[in-house]
Amino acid sequence: MNGPNSAPLDTRVVIGSAVLRNPTIAASGCYNRGAEFGAIVDVSRYGAVTLKSITRHPRLGNDMPRIATTPAGMLNAIGLQGPGIEYFLTHEAPKLTSVPTAVIASVAGFTVDEFADVAAAMDGLPNVVAIELDVSCPNVDREGECFAAEATSLARVVEAVKSRVKLPVIPKLMPNVADLKPIARAAQEAGADAVSLINAVRGMVIDVVRARPMLANRSGGLTGPAIRPIAVHAIWEVAQTITIPIIGIGGVEKGSDALEFLFAGATAIGIGTANFRDPLVHVKVTEAIELEMQRRGASSVGQLTGLAHPGFAGKPGARGAPVATKETQA
Amino acid sequence: MNGPNSAPLDTRVVIGSAVLRNPTIAASGCYNRGAEFGAIVDVSRYGAVTLKSITRHPRLGNDMPRIATTPAGMLNAIGLQGPGIEYFLTHEAPKLTSVPTAVIASVAGFTVDEFADVAAAMDGLPNVVAIELDVSCPNVDREGECFAAEATSLARVVEAVKSRVKLPVIPKLMPNVADLKPIARAAQEAGADAVSLINAVRGMVIDVVRARPMLANRSGGLTGPAIRPIAVHAIWEVAQTITIPIIGIGGVEKGSDALEFLFAGATAIGIGTANFRDPLVHVKVTEAIELEMQRRGASSVGQLTGLAHPGFAGKPGARGAPVATKETQA
Amino acid sequence: MPTTSPQLQLATITSREYRPPGFWCVSIRCPDIARTAGPAQYVALDLPGGFAVRLPLGIFTVKGDDFTVLFQEWGERTTRLAHAAVGDSLTCIGPLGNQFSPPKRSGHAILAGGGLGVAALWLLARDLRAHDVKANIVIGARSADRLVGVRDLARHGFDVEVCTDDGSAGFAGTVVEKVRALRRPDVIYACGPRAMLRALCDHAEREGIDCQISMEETFGCSLGTCWGCVVPVRRGSAQGTSYPRASEEARDYDLARVCADGTVFHAKDVVWV
Amino acid sequence: MPTTSPQLQLATITSREYRPPGFWCVSIRCPDIARTAGPAQYVALDLPGGFAVRLPLGIFTVKGDDFTVLFQEWGERTTRLAHAAVGDSLTCIGPLGNQFSPPKRSGHAILAGGGLGVAALWLLARDLRAHDVKANIVIGARSADRLVGVRDLARHGFDVEVCTDDGSAGFAGTVVEKVRALRRPDVIYACGPRAMLRALCDHAEREGIDCQISMEETFGCSLGTCWGCVVPVRRGSAQGTSYPRASEEARDYDLARVCADGTVFHAKDVVWV
């Protein structure tokens, strides 16, 4: 991709102690263990892959149907199907050595202890460079409200995990809140090394023939291009609030979408649903980012991060200084 | 539409003291004063039209651009452009007599008093049958948090308006909250006659050529089919929480979308963005509802409301008994 | 039930044929898929138009470099495909899924298709003919006008019997009733609505007949990565993924992904819940 | 600047012509629009494919029952239209917007088009020819390959001068420079990029020339209902909507909707902010 006279492009990004070869990360739940994509695309071109969230106990997940299509998106309610941490450690973790790129492990839990225990068990697994916390599960101690819905419960999870784990810890925030800023701030103050945002947006589709919700679980998580503007806004707001890196996720399906995320303040880009439609999406997005770096004379991806913020500092890896955003609606 | 042997179809719906001829309502901000649509479609076929939200003072609104397109949706940041209540009362309100259907007035404000004063001034205007409260504006007394983001500030607005107004009062809730249920409950307890949901979802699009937010206001409200699953979920949840009618809004563009809303628990259907694409959408949706009433042998629209809820009572106008919903994600 | 390695392919629409009421047979040029596709395999199609999820469709017939898909114009994606222009390009991932296994020895087979289930049977009939297997093909629909694919399947020279629920064509009754009335085969191959498959599996089990069914679920990824399309299978059966059972878990089965572990399952492995 | 009553119309694509690099001229059969469209009017098109917002495009040429649109393949909607099949149907709302007004007496006009701004000039040239007005047409683009519509406009028999920023065809310079170099007209009609329109308005004001410009903004409704497409106009000017001014309001202008009050505005009314 480099022109004859251009400086070498450094597409690496840094998330705590983890260095990814490029900013594209397969989002949790959309990648399985990689054998499937490995048959179609060179997975070593991914910056990282995130594993499906692992819980303490095995879970069969929700009944069928688990998927519905929506305008420019889809709804899923898999229900955290998985083998549980013990089976994972014995049977699946050893295979991680063959993943040709960095691995981010994902933990889901219903109590603070479950997060801490499962995360601790994943710390130090081969190839695993960071641990993401899927804090959108209903918190059993707090009337089923999600951990990520509220600053103090999120902080408790992050602190508990940080005290047990050496790898970078990345809570994954959800968009279903009135104000993401205090929640992101709480994550940073509790020691998070980065935040991922956004998780799927709560949604529902009703089958009008049967007059019943389409999904067996009734509601599900809305993902895909439909939610991209929600993700861009979340990244923008959080980028003005915290200084740790942001992994922007939600509806990215092409290079310009990833640039929107970078310019809004993301350091790396999570890609979920778009993998289903275009297994080459990581490669294409990385190439588009490289082209944009050349166009703007940026020698590292970090120089693109936050570019759309008025107070953008323009230094490599720096994000714009916090600036108040006018938020008048309609 | 009636078959030879079928009972006459009663498409009327009741919102407090207001009786609408059918359940389709043009959503606020998408209808102006009606002359525009009147040239293309018979507005007497609408159940009601909601006026653009009126504020106390005149507002020029936001700078341009105010609109961006998004996957299966659009972003708007009009900024509550409007003449202010005094000018409205003298120059525009008298023309409401010529609107060939029921009118719902909409009030926006930045303080509780502003809501109460403007709503009181609209009470009793010709043709106006209800007053909707656009409580998604930043609350100047509460660090810019929106009134609808939190149960107590919403309750204060509703109570203040109810004490000044005879017409049914309909707060319009926003989806950007962790849990709509306590907020809807607060609205009902404060005396609301119905709730509208959802308002636009906060979003942003970045122009990757200029590396700046596309909208002059930076963020805007996401509307259109992209947000429909979010609206269906909100209606479902709120229908399990309160007993007053719900006006379901968000991404309806065809008959089956409206049925999703009715089955999820809506009494009436607000249609915004879809008017732009299909000025006949109200007529088509009403016809689809009539067909469905015939298919299911329902003599009133109310018999379709809430049909997808497991505890659906099946009585005209009744909604399903509250049933706990499993909300496991992903 | 062999699987081939699926590929992401650029393809072109070469013809469109409307089959009233509401069905289409669209032909797509994609040599690699046309050459390697086996019975019951499918493709995952991506069309321009803002769809987040690929459209899975069975590979119906193949001829030279082209294969066809037979589908009903239904939701957004099938409507888009039905109205794509000849010459338009699209991308396909395929051939996807496992395949019907031919009988071990040349014996007698019944191929049963309900509605659009016929789409899974053409390649099978072609292969059985090549393997010298005798076969009855039974195709059912609600009514005569909704019978599709009969003409295409008849081309292999097998006897095709049609059934309609309302008796408007052929045998008046369901595919299952017709199959029960036929001579006992060595193997039943079936694709169609869930209720039909379940009844056929019951029949096959009672009679001790080998039975392979091609199942359908709403797909997310079509690639085996999202676990959105699972079916319950007997614990320990080869196609399922076995986890330890959680203490509070009442459900006692494994799960298999229709998209990647199927779509073809042995009747004896499927748990109907 | 008369307005006609727009209608919702079912229409059919009758031809597609690719004009490299990246432009298309698509012909649409819709008799009511083809017969009544006036200079600078546009249509709002709706294509299948999950778009929430109609695509506004200027009405370029008309012939019999058909009109054409000239556009660049750019985002989702223009790409969809470019690749729609001949015979596909779509709905149009139109003709929308006001029109360029012919000069009061047959005088001398300059028609200035930048880039795709030419799309607003064909009907105007046709009408001016019919009214016996003399006109120079000036069309500009960044480079020779990006000049579109010149051939079509030449058909009315007016002198068409082309300009390119890089000098690769015709006059080396901007449309504004070329207009300044021409004989002083009675009226300037213009459509094109904002910077070009602003410079022409400045020129016209300095020289005291009547100037009408067709403006563009991102549209939401295209119908005058959403106030998404406003431009600032002089307080009290006929096309704007005048409200009382709020006490803290610094901005001192009225707002007009490009979609419904325009797209044509008098240079003297526009406030450039």
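When the chains are written out, they are named A, B, C and D in that same order, and each has its own residue count from 1.
The criterion applied here is as follows: contacts are C-beta pairs under 8 Å (C-beta built on N, C-alpha and C of every residue); 3 or more make two chains touch, one makes a residue touch a chain.
Owing to the predicted nature of the structure, the values given are computational and were not obtained by experimental measurement.
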item: Smallest count of steps, each to a touching chain, taking chain C to chain D; value: 1
item: Chain whose average C-alpha position is farthest from chain D's own; value: C
item: Whole-Å gap between the CA centroids of chain B and chain D; value: 36
item: For chain A paired with chain B, centre-to-centre distance based on mean C-alpha positions, whole Å; value: 33
item: Between chain A and chain D, centroid-to-centroid distance (C-alpha), Å; value: 44
item: Chain D residues counted as touching two or more neighbouring chains; value: 50-51, 76
item: Residue numbers of chain B (touch at least two other chains); value: 29, 70-73, 76, 78, 224-226
item: Complex contacts: residues of chain A adjacent to chain B; value: 29, 53, 62, 70-73, 75-80, 134, 136-138, 144-146, 149-150, 175-179, 199-206, 208, 211-213, 217-222, 224-230, 232-233, 236, 251, 256, 259-260, 263-264, 292, 307-308, 325-330
item: Contacting residues of chain C [partner chain D, same complex]; value: 48-51, 76, 79-80, 83-86, 88
item: Footprint of chain B on chain D - complex, ascending; value: 5-8, 46, 50-54, 75-77, 91, 93, 217-231, 243-247, 249, 251, 255, 260, 273
item: Parts of chain B lying in touch with chain D, wherever the complex brings them together; value: 29-32, 35-37, 39-41, 52, 57-61, 63-74, 76, 78, 81-84, 86-87, 223-226, 253, 273-280
